[in-house]
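Presented sequentially are two complexes of chain A, the first with chain B as partner and the second with chain C.
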Partner chain A sequence: MALSDQAQLLEKADPALARYNRQMLWEPIGIEGQKKLRNARVLMVGCGALGTVLANTLGRAGVGHLTIIDRDFIEINNLQRQVLFDQQDIADQLPKSVAARRKLAAINSDVQVEAVVADVNHTNIEQYAADKDLLLDGTDNFETRFLINDVSIKLNIPWIYGACISAMGLGMVIRPGITPCLRCIFETAPPPGMNPTCDTAGVLGPTVNVVASWQAMEAMKLLTGNIAAVSKSLFSFDLWDNRYQQLNVSRAREIADCPACKHRNFEYLTGKFGSSATSLCGRNAIQITQPAGYRVDFPQIAAGLRAAGEATFNKFMLKCTIAEGPADNRKNFELTLFADGRAIIKGTNEAAVAKAIYAKYVGS
Partner chain B sequence: MAIKIRIPTPMRQLTGGVDMAEVQGATVAALLGQLCDKFSGMDKRLFKQPGELNRFINIYVNDEDIRFLSNLETPVKDGDDVSIVPAIAGG
Partner chain C sequence: MTNPVVDYLDNAATSWPKPPEVAAAMADFLAKEAANPGRAGHRMAIAAEKMLDRVRKQIADFVGGADPHRLVFALNCTDALNIAFKGILRHGDHVITSMLEHNSVSRPLQSMSDSGFITLTRVAFSPQTGLIDPDEIRRAITPRTRLIALSHAGNVMGTIQPAAAVGKIAHEHKILFLLDAAQTIGVVPIHMDRDHIDLLAFPGHKSLLGPTGTGGLYVNKTVAVESFNAFREGGTGGDSATPVQPRLMPYLLEGGTPNTVGVAGLGAAIQYVIAHDPAVTLAHERKLVQHFIDGVADIASLTVYGPRGADAAAGRVGTVSFNVAGYSPQELGGILDETFSIAVRPGLHCAPYAHKIIGTFPDGAVRMSPGHFNTLADIDKLTAALHEVAA
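Entry: the complex of A and B
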């Protein structure tokens, strides 16, 4: 029987699946795969550039239950690449996860979307991940990625790493106990300020789309049980330089003395590693501290901050005023950064806001 | 022998925007040593201490992680593709 005839029969058997006809025609998915997608529960951590492409793609593909967590609101400079958002969302002052749920409801009402406005951290990630089939990375910082990595291994749930900057992207599928984990590949994060971020060096929409589309495809393979087709490499590309690589990481698990997947020492999930945020009473400010041993490079950070505001520094500290927020409600935050990576962010009492500013402009 | 190393975008601030560097050497260590001599700040980005790469930097020769080969002593020859892959966080 021709595939098209088969798909028509499938639709008659289950009319709710008719909208996925073109997807079910792809034999490795078919009706059984589509049903698996419908029953799948996926946690998406972060709903910015990567996260919106992931939510858009997987929502349209019929993944039955998406939990989307994000701590941020939408800004006009997000619209260049964050495909689920528009100017009305900014006018409505919607948090990202809520705006994403609204869009997905209009695109595919079959999909249940749970929108969570929260900062994902070591105290809450386990509760969000516990009943999921897959964890997806839509974050913008290493700390949360290492947290996802820890919880994935602890709960034995696969996750898909994706990251990008300018025209460069990376991606990797992590299957606990089977593949290397992220810390087998990158055991530590660069110290704050060493690596540029999308907010200091820029990022192009097509880069985001390629990384997140690759993640979404791997997610569909995993969720439909097409395990043999799942990538076993570290996917690396630079769209500007037309360079694409599948880097061999197959032996990383045996070679790396990985604290997470080899020793099951979950340093981020237990809160041993990672930054901590403390409200400075009465000062409308949050202090962010880093683990001992961090050193930051002020000239490099000041150069990266040029687009956000003029930074001044001496050998002890760097100061910069950064304007953030919706156009009609823009607020100034004063960033004071010390040589050990500690920062005081003045202008908010909310840890999530301060951590977002730190991740954007200093990096973590 | 001369080998071309592509500088990944997040590290081009150290090279003044230069995207490709030609360096000489018979091992990865020799190539990276020359790269550090050419560009100020590169040593700090690549190495935790002399002879030890930072754990947020991976080096691949022809798409193979040098940790699976002979690490920094991995030999290189004309035509080899040497890639620096830094951990990146954007998204």
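Entry: the complex of A and C
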């Protein structure tokens, strides 16, 4: 049958699916795959760089139900890479998840989008993940990824890891009980301040697009039941130096004595591991504390913070004033960091805001 | 017995460590008698009820209360204060309190005032002496004044207030006097009649050295039981046929299963406190406070709030607040904890009005509060750390 005939046939079969014609023409998806996408429920944790590309791609592809959780509002420096947002969203002072819902409604009204403005943490992630077919990582920190990893294994829902910085990206599909999980690969979250973040080292738009497009493709394979095609490797690349790698991790599950997928000991989901945020008695400040044993390196962090603000430190603590928020409503936050990774973030009473600043500028 | 890692100087919040007898009594009670108390139940229920009554008597005796049945167990001092305020105040009452107060007094009274239920006057205190002036309370009295609620010692500076003088004024005007003994019970002598106290609210977990989750309200015989509304209603372990809360103390104000395990610990704690003489403990804590004030006197960038100088500790419990220029209280608290393993409490100490008066609102100050088990070496460790930080 000629391609044009097949396309007409597909449209006749279900006119509502006509818009997905070019996608259904790809045989492994077809009309059945498209129906599967329409019935799929996906949780997207984080709606920044990776999250907007994921939401844009999957929303256009006709994934029926997207729950988008993000704790942040849009800032002008997001627009360079966060494809769903525009200047009007900033003028309207919209939270990221709400702006994403608005944009997706205009792109594809078939898709049901639930926008949640919240900090995802060990007390609430299970309720958002419970009825989903797939969890997608659009976060900027390891702690939340380990949380997603725990809930994925506990509820037996696959998830797709994605991370990027500068021109480098990483991705991996985690299928509980089948593939290694994130904790088989990385035992614990790196100490705060160890790794550069997009807000300290920068990130390029194409990097984001490649990682999130890779995640979106794997998501479509999983959701349409094309399991054989799903990646079994840890995918990594450097777009600047043109290096691409598929790291075979298939044996990691046997080798690692993984607390999460081998022992079902969900240390992040139970709140045993991970940071905690408490409102400080006094003015407008939140304290973030890290599990015992972390040490941070003040000179390294001060160097990383150069772009954000002037950091000063002595042997006890590091201080930096960081301006955040839209240009007409810029707010100063004062970050005080101690050697054990704890931080006081002054300028907010909201744990979610403080955690976002910590993740962006210290890294967790 | 003490934590070898942490130098604990936050006893004004919760005393720590506890005498080993406290944990032993709790474990023993839990193992042998921890049934639901009841006056007409099986032998274990009766044993639990007896234990409660025994500790009621201990506490009543300790505060000069004649009738143990007027001692109501509460979850903590805040709970006791709520039982009192919400049980005794009537629409249109005027209440006098002070700016020393903890939010456990300030907040319930402020919300009653905001809703138009009561009117409220807050008298100031001197930032130098840390004391209220009883005459100022006298001047605030109106024909509608029904209650004077005062903190026995403020939790920011630890200065002990002239409770008996205020109680006397209250009684001269036929006004109820409530004393919040959060910072004093266990170290400063308290006597219901001699201090003219009608309602005494106290925690079990501070200077009484008991476990958290314990506290109480002693309702003096000067307060008619009929004038109380039950703030909390429920089961009482007896009188079950009565359709509403029985008008019988302490059950009128004690709905629900009490914290029997905690009370068993509190009983052992009070025994320990009495055996070690509260006056000796107070003198010890004052010595530590004075040692601290002397030890930091040469740090130019350090400010101690309230009385200073050679007898700065004389009228205090073991509590003193300070700041170091160049650091917010939260930063200083963070450094002391992180670098020096010293536990102090930065912030407003739930006492925003007090910090306004001493000029430390809204950031607050750092409070150090030694207790029964602290030593001069603990204070030396703190002053050495402060020298290093301020250098």
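Everything that follows uses one rule, which is that the second predicted complex is superposed on the first by the 362 of 364 C-alpha atoms of A that agree within 3 Å, B and C clash if a C-alpha of one lies under 4 Å from a C-alpha of the other, contacts with A are read in each partner's own complex, and residues count from 1 in each chain.
As a convention for this text, a residue touches a chain if its C-beta (ideal position, glycine included) is under 8 Å from a C-beta of that chain, and two chains touch if they have at least 3 such contacts.
For clarity, every value in this text was computed on a predicted model and none was experimentally measured.
Per the definitions stated earlier, placing chain B and chain C onto a shared chain A by superposition produces no clash, and the two fit side by side.
In the superposed pair of complexes, A:P15 makes contact with neither chain B nor chain C.
Touch criterion met: A:M317 reaches chain C, while chain B stays clear of it. Of the two partner chains placed around the shared chain by superposition, neither chain B nor chain C is touched by A:G177.
Shared-chain residue A:L280: touches chain C; no touch with chain B. In the overlay built on the shared chain, the residue A:F186 is in contact with chain B alone; chain C does not reach it. Using the contact criterion defined above for the overlaid structures, shared-chain residue A:F338 touches chain C, although it does not reach chain B.
Angle at chain A (Cα centre) between the Cα centres of chain B and chain C in the superposed arrangement: 100°, in steps of 10. Of the two partners chain B and chain C, more residues of chain A are touched by B. In the superposition on chain A, contact of A:G293 is made with neither chain B nor chain C. The superposed three-chain arrangement places the nearest Cα atoms of chain B and chain C 21 Å from each other. Once both structures are placed on chain A, no chain A residue is touched by chain B and, in the other complex, by chain C. Within the complex formed with chain A, the chain C residues making contact are 328-331, 334-335, 338-339, 345-350, 362-364, 389.
Looking at the complex, you find that chain A touches chain C at residues 280-285, 287, 315-317, 336, 338-340, 342, 344, 346.
On the chain A side of its complex with chain B, the touching residues are 46, 48-51, 137-142, 145, 162-170, 185-190, 194-198, 201, 203, 208, 211, 234, 236, 238, 240-241, 243, 245-249, 251-252, 255-256, 297, 300, 303, 359, 363-364.
The residues of chain B lying in touch with chain A in their complex are 6, 8-10, 13, 19, 41, 44-45, 54-56, 58, 60, 63-65, 67-68, 83, 85-91.
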